[in-house]
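In what comes next, subunit A is part of two complexes: it sits with subunit B in the first one and with subunit C in the second one.
Right, the complex of A and B next:
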C-alpha cells in the first residue's frame, strides 16, 4: 500500500538579480528583477509502506528541497505531497506525528541541556504513553549504545554520539516514516555501521518506511532496495538498485601516480574500452568490469610499470547522475 | 490544558539552558536593571525640574512608567525569541525542526524561551508601582485595581502580538529585526500620560495600537473613577482580541513562505 504520494511536485525560489560588488547590491535595492530557480520540477512517485528508498543526486540537484517538502518544512510551488492520504495544508500536525526526521547537518536536540531531557520533552510533544516510551527508549538506548552519554549536555557530545541521539530522537514516538537526510555525513566507519544496522533492524522489526538521501554509495548498497535519482529538479531514474548497478555499478576507476609513463595505445589495445585521463598528479583509468578483469589489469600494471601505489574507486553517485543526464 | 503542560515543560528546559551559563544569566539581569534604572533617572531629572506635567506629578508619571514597564517586562520575559526569529533564525534556516513537530510553530517559538533578563525590568516596575503608589491618593476601589491588572495583561498581549506580526515579515523578507526594533519603540509612548500627546497620537494609541487604551485609561480610573469603566474593560479585551487575531493571522499566512537554507 502506498504511504507517500508525490504528484507533480515543484518548488521555485525567487532570487533577486544582483550584479557583482557593492554597486550591484545597491542597484538591486531599486530593482524588481528576479531570477526563478526551479529547484524541484514536477516530480511524481509513490512510496510503499516498509520500503527503504534512496533519494540521490549531486549537490544542488533538489534532494533536500524535495525532502523538506515531503516533511512539511517547505510549501510546494506546485503539485502535492500526501502522507497516508493526508495533505500538509490541513493536517500538518497529524502527519508530523507519523514521521521522524534526521538532518545530518542540523540537530534537533536541545543544545545546552542533558540529552535525556530532550527525550522527556519529545515524549510530551508526541503524547507517548509511559509504557510505550519505556519500551521504545530502552530499545533505542541499547540499539544505539546511548546509555554512556545520556546525562551529558548535547553540546558536549561527539558528532557520532550526537547523530545516534538525533536518530533515536526521531524514532522515540514510533513513526511510520523516517526521513534521513545525509545521516552518515562526517561519521567514522564504526558509527556509520551502527546507524545502518539500526535502520535495517527498525525496518525489519517495525516495517518503518525509510527515505534516505546520501552521497555514500555504501549506505545505498547496504540499505536500499529502490533508488530515485534526481538532477536539476527532475527524476532521472526510479527503480531497483540491482538495475542501476547493472547499468553503471560495474564501473571502476584505478588511480596511479603521474610519474608512471603509461602507454595509452598499448593499454587500449590490451584492454579495449578503457578511458585514460591525466589528472595532473595522477592517472585515472576508468573501465567497466564487464569488459575488463580488474585482477588482470592490476597484474599487468604491476608487472609492466612496477607501480607500488594505486587506489581503486567505485563509480560515484555524481558520475552516475552525470552519465544518466548525458543520456537524457 | 495540554498546551499549558507543554508550555511549562518548554519553559523548564529554557530555564535549565539559561542556568547552564550562570554568570551570563546574572549579568543579563543586572544589566537590564541598570538600563532601566538609568532610563528612570533621566526621566526623574527631566520631570523633577517642573512641578507637574499637564497636572500630573512626578509620582503619577513614575506610576504610569511602572505600569508600562510591567507590561513590557511580561512580554520580554515570555516571548523574547521573536527577536531572534526576526533578526537571524529565519535567515539562517534555524526553524526547520519546529515545522517537524506536531505543534504550531508560533507556540514553539514563544514557549522555547524564558528571558531572565526581563526580571530587571519587572523589578524596576514593581519598585516604581510601590514607591510612587505610596505617594499617591487613589479614589478608585478594588474594581479600579482589577482594571489595571487587566490592562497590564492586555497591553502585554498587544506588544507580543505586534512582535508576532512584525517578526513574521522575516518569512517574506528574511529579516525584519530592524523594523521590529523601530516599531517596538512605540511602547515608550505609553510611559507618559496620553493627554500630553496630539489628538492623532492619542487616537492611534487608543484604536490602532490600543496600548494607550489598556494602560492609560485604567491608570486614570485609579484617581478619578469613570462611570463607563466596565465598558472600557470590554473595549480593552475586545480590541486586544481583534488586534492579536489579526497579528496571528498574518503570521499564519507568512509562515508558509519559510524557505529554510540549503544543506
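Right, the complex of A and C next:
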C-alpha cells in the first residue's frame, strides 16, 4: 500500500539578481530584479510502506527541496504531497506525528542542555507513553551506543555522537516514515556503519519507510531497494537498484597493479572500445561485455603480462548516475 | 479543560527547557547585572544634575516626580528592561531561519507559536523569580524603610498585585512583539537592524530613559502603546502612580494589543511559510 503520494510536484524559487560591483549593489536598492529557478519540475511517484528509497542527484538537482516539500516544510508551487492520504494544509500535526526527520547538517537537538533532556522533550511533544518511551529509548541507546554521552550538553558532542543522537531523536516516537537527508555526511567509517546498520535493523524490525538522500553511494548500495535519480528538478530514473544495475550491468572494470607496463595501443587494437585509466597504484580497464569478452580479456592479460593479482568490479551506482547525467 | 491540560502537558517541557538554558548561561545574567548597575549609577548622576539646577533644587518635583521618585523609577525601569530582554524569541526565530534549523522545528507536531511562547515563559519566569523580584524587594524595602517612598501597607500590597499582573501582561506583549520581529526575518533575512529599531522605539515609547510623564500630552498617547506595557505601566504601578481604575483600563487595553499583535502574527506566519526557503539546501 502506498504511504506517500507525490503528484506533479513543482517548486519555483525567486532569486534576486544583482549586477556586479558597488554600482550594481546600489542599483539593487532601488529596483530589484528576480530570476525564477525551477528547483523541482512536475515530479510524481508513490512510496510503499516499508520501502527504503534512495533519492539521489547532484548538488542543486532538487532532492533536498523535494524532501522538504514531502515533510511539509516547503510549500509547493504546484502539485501535491499526501502522506497516508492526508495533506499538509489541513493535517500538518497529524502527519508530523507519523514521521521523523534527520537533516545531516541541521541538528534538532537542544544545543545548550544535556542530550537526555532533548529526548524527554520529544517524549512530551509526541505524547509517547512511559512504557513505549523506555522500550524505544533503551533500544536506540544500545543500538547507537549513546549511553556514554547522554548527560553531556549537545554542544560538547562530537559530530559522530551528535549524528547518532539526531538519528535516535528522529525515531524515539516510532514514526512510520523517516526522512534522512544526508545522514552520514562528514562521518567516519565506523559511525557510518553504525547508522547504516541501525537503518537496516529498524526497517526490518518495525517496517519503517525510509526516504534517504545521500552523496555516499555506499549508503544507497547497502540500504536501498529502490532508487529515484533526479536532475534539474526532473526524475531521470525511478526503479529498483537491481534493475538499473542490470541495465548498465554489462559494464565491468578490471583492476591490475600499476607496476605492469600495459601497452594501451595494443589493448585498444585487440579489444576495441576499452577505457584505460591510470589510478596511481593501479590500472582500471573499463569495458562493456557486449563488446569485449571478459574471459578473453583476462586470458590475454594473464598470458601477456603474467598478472597474478587482479580485481573485477561491476559498475557502481556512482558511475551509473554519472552516465545518466551525461545522457540527459 | 481537557484541552488546556493537554496543551500544558505538551508545552510545559519547553518552559522547563527555557529554565535549563538560562541556567546554562548564569555568567551572562551576572554580567548584565554589573552593566545595569553602572548604567543606573550614571543615570542617577544625570538626574541629580537636573534636579540640582531646578528652581527648588533637590526638593523639586518635576512632572510629578521628586528626585527620589526618579531614582526609584530608574532602578525599577532598568531591572524591568533586563526582564524584557531575556529569552528573546526573535533571536531564536532568526537563528532558525539563518541556520536552516526551521526545517526541524516545522516537522514537529506542535504549534510553532506556542513552542516559542512556552520556551520564552520558562526563561522569563526564571529571570523574574530569581533576579527581578528579589532585587525589587530589597530596593523597595530600603525606600519604604527609610521613608523615601511613603505608602500604606494595604496600598502597597495592591500595587504589588497589579504589578505582578502587569509583569505577566508585559511578558505576553513582549513575546508577541518579539515573535512579530522574528517573523519579519522571513522577509528580510536579517535581524540586527530590526532589533536596533525595536530597541530604540521601545526605549523611547516605553519610558525607559525618560518617564512618559515628561512628554506631556504625547506621553499620555504613548502610555497606551504596547511599548508602555513593557516598562512604564508596570513600573509606575509598583511605585503607586497608577490608581485602580486606570490600572483596569490599562489591563483591557493591553489585552486588546495582545489580541491584535497575535492576530497579525498568525496571518504573517501563514504568509511567511509560503515564502520560506531553507538556507543551505
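Convention: the second predicted complex is superposed on the first by the 255 of 328 C-alpha atoms of A that agree within 3 Å, B and C clash if a C-alpha of one lies under 4 Å from a C-alpha of the other, contacts with A are read in each partner's own complex, and residues count from 1 in each chain.
By our rule, a contact is a pair of C-beta atoms (placed from the backbone, for glycine too) under 8 Å apart; a residue touches a chain by one contact, two chains touch by 3 or more.
Quick caveat, the model's predicted, so the values are computed rather than measured.
Enquirer: Based on the superposition on subunit A, does the combination of subunit B and subunit C result in a clash or a fit?
Expert: Clash: subunit B and subunit C overlap once superposed on subunit A.
Enquirer: So, does A:121 touch the first partner subunit B, the second partner subunit C, both, or neither?
Expert: Both partners, subunit B and subunit C.
Enquirer: Quick one: classify A:71 as touching subunit B (first), subunit C (second), both or neither.
Expert: In the superposition, A:71 contacts both subunit B and subunit C.
Enquirer: Please report the subunit A residues shared by its interface with subunit B and its interface with subunit C.
Expert: In the superposed arrangement, which is not itself an observed complex, subunit A uses residues 13, 64, 68, 71-75, 92-94, 96-97, 99, 101, 103, 105-106, 108, 110, 112-113, 117, 120-121, 124-127, 153 for both subunit B and subunit C.
Enquirer: If you look only at subunit A, which of its residues touch subunit C in the complex?
Expert: 13, 59, 64, 68, 71-75, 92-94, 96-97, 99, 101, 103, 105-108, 110, 112-113, 117, 120-121, 124-127, 153
Enquirer: Note which residues of subunit B are touching subunit A in the complex, please.
Expert: 2, 5-6, 9-10, 13, 16-17, 20-21, 93, 96-97, 99-104, 256-260, 262-263
Enquirer: Which residues of subunit C touch subunit A in the complex?
Expert: 9-10, 12-14, 17, 20-21, 24-25, 99-110, 273-274, 276-278, 280-281
Enquirer: Under the touch definition given earlier, write down the residues of subunit A that touch subunit B in their complex.
Expert: That would be residues 13, 60, 64, 68, 71-75, 92-94, 96-97, 99, 101, 103, 105-106, 108, 110-113, 117, 120-121, 124-127, 153, 181-182 of subunit A.
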